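See the structures that follow.
Look at the two complexes coming up: chain A is in both, with chain B in one and chain C in the other.
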Partner chain A sequence: MKPKVAFFDFTSCEGCQLDVLNLTGEELLDLLDGIEIVNFREAISNRSDDYDIAFIEGSISREAEIPRLQKIRSQAKVLVSLGACACIGGVNCLKNHLHMEEALKIVYGDAAKYYDTIPARPIHAVVPVDFYVRGCPPQTAEFVNVVKALLLGKKPDIPNFPVCTECKMAGNICVFERGMTCVGPVTRAGCNAICVTGGRRCWGCRGLVDEPNVDSEKEILKKYGLTPEQVLEKFKIYNSYAEVKK
Partner chain B sequence: MKGNSVLIVDDEAIVRDSIRDWLADAGYDVSTAETAEQALDIVSRRDFSVMVLDVRLPGQTGLSVLKEVKAQRPWIKSIIITAYPSEETTAEATRLGAIDYVVKPLAPDDLEKLIRETIESAGKEPTVVARPAAQPRPSARAVQVKKSVVVTKRSFKNVVENLITTMDVYGVKAKQGKYVFDRINAPDELALDYDITAMPPTVFLFPARETILKFKFGEAGKAEPVVDTTPRVIIGVHPCDIHAIELLDEAFIAINPDPNYIARRQNSLIIGVDDLNPSPKSFAPSMGTHVAENGFDLMLTDIGNKYMVMIGSQKGADLLVKYAQVTEPTAEDIARQKTVHDEAHAKYKIHLDVPRERVPRMLEDSYDDPYWQARSNTCLSCGSCVMVCPTCFCFDVQDDVALNMKDGQRMRQWDGCMLVDFAKVATGENFRHDKASRFRHRIYRKGKYVLERYGKMGCVGCGRCATACLAEIASPLEAFNAIAESMRAKQAAQRSLRETRPESELYAPRFARVMRVEQLSAKEKVFEFKFLDGKDLGHQPGQFVSVSILGIGESPFGVATSPTRTGSFEVAVRNVGSVTNAVHNLQKNAVVGIRGPFGNGFNVKAMEGKDILFIAGGIGLFPVRSLIQYVLDRRKQFGRAIVLFGARSPAERLFLNELAAWKNNPDLEFAETVDRGTPDWTGNVGVITTLIPKLQIDPRKTVAVVVGPPIMYRFVIVELKKKDLADENIILSLERRMKCGVGKCGHCQINGVYVCQEGPVFSLAQLRTLREAV
Partner chain C sequence: MTQVKVDVHYVTRIEGHGNLILDAKDGKIEKLLWEVPESPRFFEAMLIGRHYDDVHHIASRICGICSIAHTTASIQATEAAFGVKLSEQSLLLRKLLFDAEMLESHVLHTLFLIAPDFLGVPSVIPLAATHKDVVVMALRMKRLAYNLAEAIAQRKTHPLSCVVGGFVKTPDAGELKALKQRLVDCLNDLDVETSIFKTLKIPDFIRETEYIALKDTKEYAWISGQIASSDQAAVPINDYLGVTNEFCVPTSTAKYAKNKRDSYMVGALSRFNLNSKQLSPRARKVAKEVGLNAPNYNPYMISVAQLVETYHVVEDAISIIDQLLERGIKEETPKVKPRAGRGVGAVEAPRGILFHDYTYNADGIITRANCIIPTNQNHNNIQKDLEALVPKILNKPQPEIQQMMEMLVRAYDPCVSCSTHALKVTFK
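Showing the complex of A and B:
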C-alpha cells in the first residue's frame, strides 16, 4: 500500500507547494511510484479526507485556522511543516509587533471590519509537528529527501549547523568580506548556501540553528556598521516569531 | 580485496594449474590468466596482493604486462618466473618493479614461501606501496630530479596551454576582489601573485562532497566502491598548502590507505608557487611551512619575467621536457631568487612567541586554562574555521537514495569538530557539548593531537581560519600565544617570589576610637569611629571594614557614612553574635581595631547623570545610607534621587531623624512602608515591593540600588523588570560570611567569585552568571 499524501495551505503564498513538485517528468513518475497524492489544490481537483502524511504550508494567523489544523493533525499519521511560514512563522509574523486592529486597517482599510486576525505563529505552536521542510521556498531536493526518508522509515538528515559551513563548502567569498552582512552564521543550513552562491546574501529563511549564538552575531553585525535597529531588522524578516519568543 | 589474493599468469597449463592447486590448498585466493591480454583484463577489474608472471607469453610479453600493472595498481607485488633467464630481462624486470625472479622448474613450496613472505612484508609497510610518487621515500630519492631550472613566463604559459588540452587544470584566479582555486580555461586567468585563496587547494584531493560507494538495495543488494581517477593539475599551490597536503598524505595513506584520496592524489600534478605576498593573517614561517622541499611536481619562484623552477618529481621533469624551454639558472637568477625570498619573509608580521616545539607540551599543561572558556564565548559554531582549513579532514557519511528506491550512493561530506553536533551520539549525549571544549579540541588538534598522531603539525599557518572567522577568535597562532603568555605569567609569579615585599600588616588592624554611640532600635546601634592617627578611612560608598575586638574576634560591617563626610566614619551593628555583642558593649572613647576598606563599593562614576532609585530593606539601609549621603553631598552630579525604605514594623525603623529629614528634603523623593503596622502608625503598610508599581521612572536613565535580605531581592527584581530596567542597571549588594577580606579565606566565594574582592556590589547582569548568588 502506497502511503497517501495530502497537501494543505494556511496563511501563505502557496509558492512552497509549487516548488516542491518542480521535478522532471521521470522524477515525478518515480515519486508517484512510492506515494499517492490525494489532496493537492495546486495540481489536482479531487479531495480526500483519507491520508497518512500531511504537508502543511503557511502559518496560522486566524482563529478559524486552528480547528482546521487540529483536524488534519488528528487524521495524519505524520505531519510535516513545509516552508518558512509553516516552520518558523516566516514573514507573516512581521505583523506581530502591531496591534491586530491596526494590522487589519493597514491591509484592508475600510473593509477591515469583515476580517479577523490573530498574531501569526508557526504550525508547531498549535499542533505537534513531526518533520520540517525548511526554506522560502524549500528546495525541491529537500522535499524529495524528506519523502524518501519517510518511505525508508528513517529520520531525515537536516543539518543543525549554520549556513556558513555549506557556504564554505560551496567555495564562496564571504558576504562580510564583500562589504555586506548576512545572518548565515546563525541560520540553519541545508540550502547549500544557494543565495550566497547566487551572489546574494542569507536572510535566515530556514530559521535559526538549535544553539544560535545570536548575541555574538549581533555584535558582529554592529562591528560591520549596522545600528541596533538595523540588526533587529535583519532578524525580524523571517525570524521575528523566534525573536519575540526569546 | 583479500590480503592473500594471487594472480598467476602463465601460458603453460600444467605450470599454471599446479601452482594454482598448490596455493589454493595452502589457503590462497587464486586467479589465473593464460595470456597478457587476459591478465590485464583481470587486473583492470580486481585487485591482487601478488602477481606471479611468466615473462614469455604469446603475444604481448610478460614485461609489458608488468609495466601496465605497475601503472594501474603500483602496489601489486610481482614475482617473475621463466625457463630462460637472461641478465637483460632480469634487470628490466627489476627496473619495472618486480621484487623477485624464479627460474623454472620451480618447487611449489619455495614459491609459496616467497609469496607468503612478500605478502607479510607488504602488510608491515603499506605506506611504501601506496605512497604517491610525488612524495619520495628515502630509497626512491635517487630517481628524483632535485634540480632548479629557469623557465620564462612565456614558456610557462605554453606549459599551461598544453596542460589545458590534456587534463583538468585548476589554478588560482581572482573572484570578487579575492582569490580562489578554480577551473582554468586559459593561462591568462592565472593570478599566481595572490596572497591567499578563500578555500585551500586540498579541495581537489578531498572534496567537500564525494561518492564513496554506489549501491543497490533490496534482495539483490550490492555495493561498489567509487573512485575518481580524472587526471588533473593544480597550479599555484603555496608552500604552506603543500605542507598541508603532506599531512593529508599521512592521515589518508599511512594507515588503512584511503582509495578515494589516493586515486585523486595519484592522478593530480601539483605545481607550487612561492608565496611572495603573504596574507597579513599568515604565520607560515612560525610553523616552518613558508618553504617546501617536497610534495610538489614543480615549484615556481617568480623572479621577474621568468620563474625559477624546482623540479620535484619525474612527472614534473617530463612536463618541462615536453612543453617548456628550460635553461640553467645564472648566478644572477640565483641571487634574485634569494632576494625575493628574503623580501617575502620580511613581510610576515605575526609570529609565534615560543619555539614551535614547545607548543604541544604547553597545550598539555593548559587544559584547564580559563582562556578556552573566555575566548570561545563569541564562537558562532558556524564551522567556517574548519571548512576553510587545509589540514582539516574530518567527514560525515550519509546515504543518498534515488527516487526509484532501488539505487543509491554513500556520500562523504566535510564535517568538523567546531560544529555543535559533531560529537553527539544517537542516544543524545554530546561529548563536546559546550563551545569551550570544542574550541579547545580544535586548537589541541592543531598544536598537539595531529602532530602526535601523524608526525606533522596540524596547523600550517596559512591564516584562512583567521580570515574566515567573523568573531575573530579562530587563529591558532593567537591561541598558542595566549596560552604561552598565560604560562609565562604563571612562571613570572613563581620567579618573583623572592622579590615580593610581603604586606606585613595585612591582617593587623589600625586602631580607632569610639566617638559616639547611638541606639537605633532594639538590636541596632551605630558607632562613630575616628582613627587614632587622625587619617580618613579613604573608602567608597558600599565598601566594608572589619571591626576587631581583640580577644573576641573580627567581623565585617558595611560603612554607613559617605566618604564626603571626612574626619570620622560610622558603622551600624545589629547585635546577633559574640563579636557584635562585644561591639555593642563598647562605650564612648573605647578603642577598636579596624581593617579595610574592603570590596569594590558602588561605582559612583558610572551612576553620574543617572536617576538613582534606592531600595533598602531593614538593615540594608546601612550601606545604602553611605550612597544616599554621597548623592546628597554631590547632588548636581546626579539626576532624580528616589529613596524607598521598608522595615518590618514601626519599631524596627532606623535613623529616625534622618528618615524625617529625607522626607522633607526637596532634593529627594522619599517613601517608606512597614510590613505590619501598629495602631499609632499612620504611614504605608505592606512589603517594600508595593511601593514600586506607583513609581514613574525612565528605564533608560535609571539605576536601581537594592540592598536588603535575600528574600527581598527576588520580589524587588520582578517588580523592577516590570519597569523595563536592564539587568546592568539593577545593582545589588550581597552579604556573605567573610573572615579575611583580602581574597584568601574562601568563605565569601560564590561560584568563581570572591565577594570581598569582586563584590559586595554586583549588577544583576553579573549575578545572573553566578548561580549561587541569589
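Showing the complex of A and C:
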C-alpha cells in the first residue's frame, strides 16, 4: 500500500506548494510511484480525510484555522511543516508587532470590524509537528529528500550548522565585508546560501540553528561596528514569532 | 418543487480559498455568491517602517505564483518614489524575468488547472497515466520557465537578484544561449498544447463588460504604460484609484472594484482585447487558429488568451536574449538615492493589472503602502458573470451547474492568496 499524502494550506502565499510541483516529469512519476496524493486543493479536485502524511503550508492567523489544523493532526500519522510560515511563522508574524486594531484600520479602513485575526504563529505552536521542511520557499530537493526519508522510515537529515558554512563553500564574499547586515551566522543551513550567492544577504528564513553561537555573532557585529538591534531588525522579517516569545 | 443547492467550500485548482454558493427553488435563484474567505495577511501594515531594500523582499511574499509580478511592481513603485533611472540592460533583464513568470503561470493554469475540466478528470495526476506525454511536456515548459528565472534572479518563487535600481547579479551569456534554444523548442511544445486546446469544447457564454489593462504605445504592455479601458481613454498609473474604486459589500466578503460599469475584468482576455495588435506574429496567428478575435466577451476564453500570450512571451524572451547577447552583458551596480515622496508601480501580473503604491520618508523608510491585486478587481466581475450565467443553465442537472460555475471561477485563474486586503470573515 502506498502511503497516502495530503497537502493543506493555511495563511500563506502558496509558493511552497507551487515549488513542490516544480519537478521534472520523471521526478513526478517517481514520486507518484511511491506515494498517493489524496488531498492537494491547489492542484487536484479529489478530497479525502484518509491520509497518512500531512504537509502543512502557512501559519495560523485566524481562530477558525485552529480546529481545522487540530482535525488534520488527529487524522495524520505524520505531520510535516512545509516552508517558513509553517516552520517558524515567517513574514506573517510581522503583523504581531503591530497594534492589531491599528493594522486592521490601515488595511481595511472602516470595514476592519469584519475581520477575524489573531497573532500569527507557526504550526508547532498549535499542534505537535513531526518534521520540518524549511525555507521561504523550501528547496525542492530537500522536500524530495524528506519524502524519501519518510518512505524509508528514516529521520530526514537536515543540517544543523549555520548558513555561513555553505556560504563559504559557495565561494561568496562575506556580506559583512560588503557593508550589509546578514543573519547567516545563526541561521540553519540547507539552502546553499542561495540568497548571498544571488547577490543579497541572509534573512534567516530557515530559522535558528539549534545552538546558535551567540558569542561569535556578537564578535562579528563588533568587528563590523554593528549593534544587535540592527541585526535583529533583519532577523525579525521571518523570525519575529521566536523573538516575541523570548 | 425542484431545488438546486450548490455549496462548494474551497473551490479546488485555484490559488487561494474561495467558495461558491447557489440556492435555487423552482427556477428562482435565492442566493448566488462567490465568497473569498482567505486569511487576512496585513502586508500593507507590515511594510510600514521597513527600509526600501527589504520592501520588495517582503512584498514578494504576497503571492508565491506571481512573486515576480509583485516584486517588480514593488521595485517600480520604490523607483518611482525615488526617481531612479533604470539602465537599458536592467530593463531588458526585468522584462525577461517577467516573461519567465508569465510562461510558468500560464502553463500551470492552462495545462494543470484548466485542462482536467475538459478531459473529465479531477486533476493532472490521472493524466500522468493517460496523457503522460502531455504531462511531461507541461513539466518541461514549467522547468524551462524556472531555469530562465533562475538564470536571471537565482529563483522563480521569490526572486533574489532583482532589486531597486536594477540587478545585483547578471546572467551568464552561455547560459542564456542554451536557454534560447530551449525557448525555440518550447514553441513546438506550445503547438502541441494548441492542438489539444483546439479539441476542447469551450462553453459558449457571452457577457460584455469593461476590460482594463496596461497599454504601452511601443509594445504589448507588461511592466509599463498607462491604464487602458474598453470604456474610456487611458489614464496614467498614478491615477489608479480613480479606476479601481474599491468598495466593501455587506452581502459578500472580498473588496470589490468597479469603474464605468457594475464591474470590470482584468487579465489575459482584457489584455488581448485591448492590445492584441501588439502580440508577436506567431501569437496572432495562433489566436486566429483557435478562434480568438478581439474583442471577445466570453470569460471561458481567458485560458485561450493565456495560451496565445504564452507564444508571445516565449518569442519576446527569445528576442530579448538576442538583444542581450548582441549588446554584451555587463556587471552593473544599482544606483539608488532615497528621497521623500510617493511612487506607484503597475504591472500586468498573469491574472491582470497589479498596483503597488508607496510613500517614503527621506531616509528611505516606507510610511504608507497600498496594494491592489488583480483578483480583487475580478471578484465583482466573477459575481456578475455568475448572475448572468446561472439563470441560463438552471435547467441542467445539478452536477453540471456546479461544474460550469467552478469552471467559470477557474477560468479567471483567481489568485486569492494575494490577499493583501481581499477577504472576509464574520459579518456581524
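The criterion applied here is as follows: the second predicted complex is superposed on the first by the 230 of 246 C-alpha atoms of A that agree within 3 Å, B and C clash if a C-alpha of one lies under 4 Å from a C-alpha of the other, contacts with A are read in each partner's own complex, and residues count from 1 in each chain.
Basically, a contact is a pair of C-beta atoms (placed from the backbone, for glycine too) under 8 Å apart; a residue touches a chain by one contact, two chains touch by 3 or more.
Model, not experiment: these values are computed from the prediction.
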Clash-or-fit label for the pair chain B, chain C on chain A: fit
Chain B versus chain C as contact partner of A:T227, first or second or both or neither: neither
Touched partner set for A:N92, first chain B, second chain C, both or neither: second
Touched chain A residues, chain B compared with chain C: C
Contacts of A:G34 with chain B and chain C, given as first, second, both or neither: first
Touching partner for A:S48 - first (chain B), second (chain C), both, neither: neither
Which superposed partner A:Q70 touches (first chain B, second chain C, both, neither): neither
Lowest C-alpha to C-alpha distance for chain C against chain B (Å): 11
Complex contact set, residues of chain B against chain A: 175-178, 180, 182, 198-199, 203, 208-209, 377-384, 387-388, 398, 401-405, 413-414, 416, 419-421, 435, 467-468, 470-471
Chain C - residues contacting chain A, complex: 10, 12-16, 39-46, 48, 54, 57-58, 61-65, 67, 108, 112-113, 116, 122-125, 128, 132, 135-136, 139-140, 142-143, 146, 153-158, 160-161, 163, 167-169, 248, 255, 417-418, 420-421, 423-428
List of chain A residues in touch with chain C within their complex: 9-19, 21-25, 28-29, 32, 37, 40-47, 58, 61-62, 64-65, 90-92, 94-95, 98, 102-104, 106-108, 111, 113-117, 136-137, 194-195, 197-200, 203, 234, 237
Chain B partner contacts - residues on chain A that touch it in the complex: 27, 30-31, 33-34, 144, 148, 151-152, 157, 160-162, 164-165, 168-174, 176-178, 184-186, 209-211, 213, 215-217, 219-220
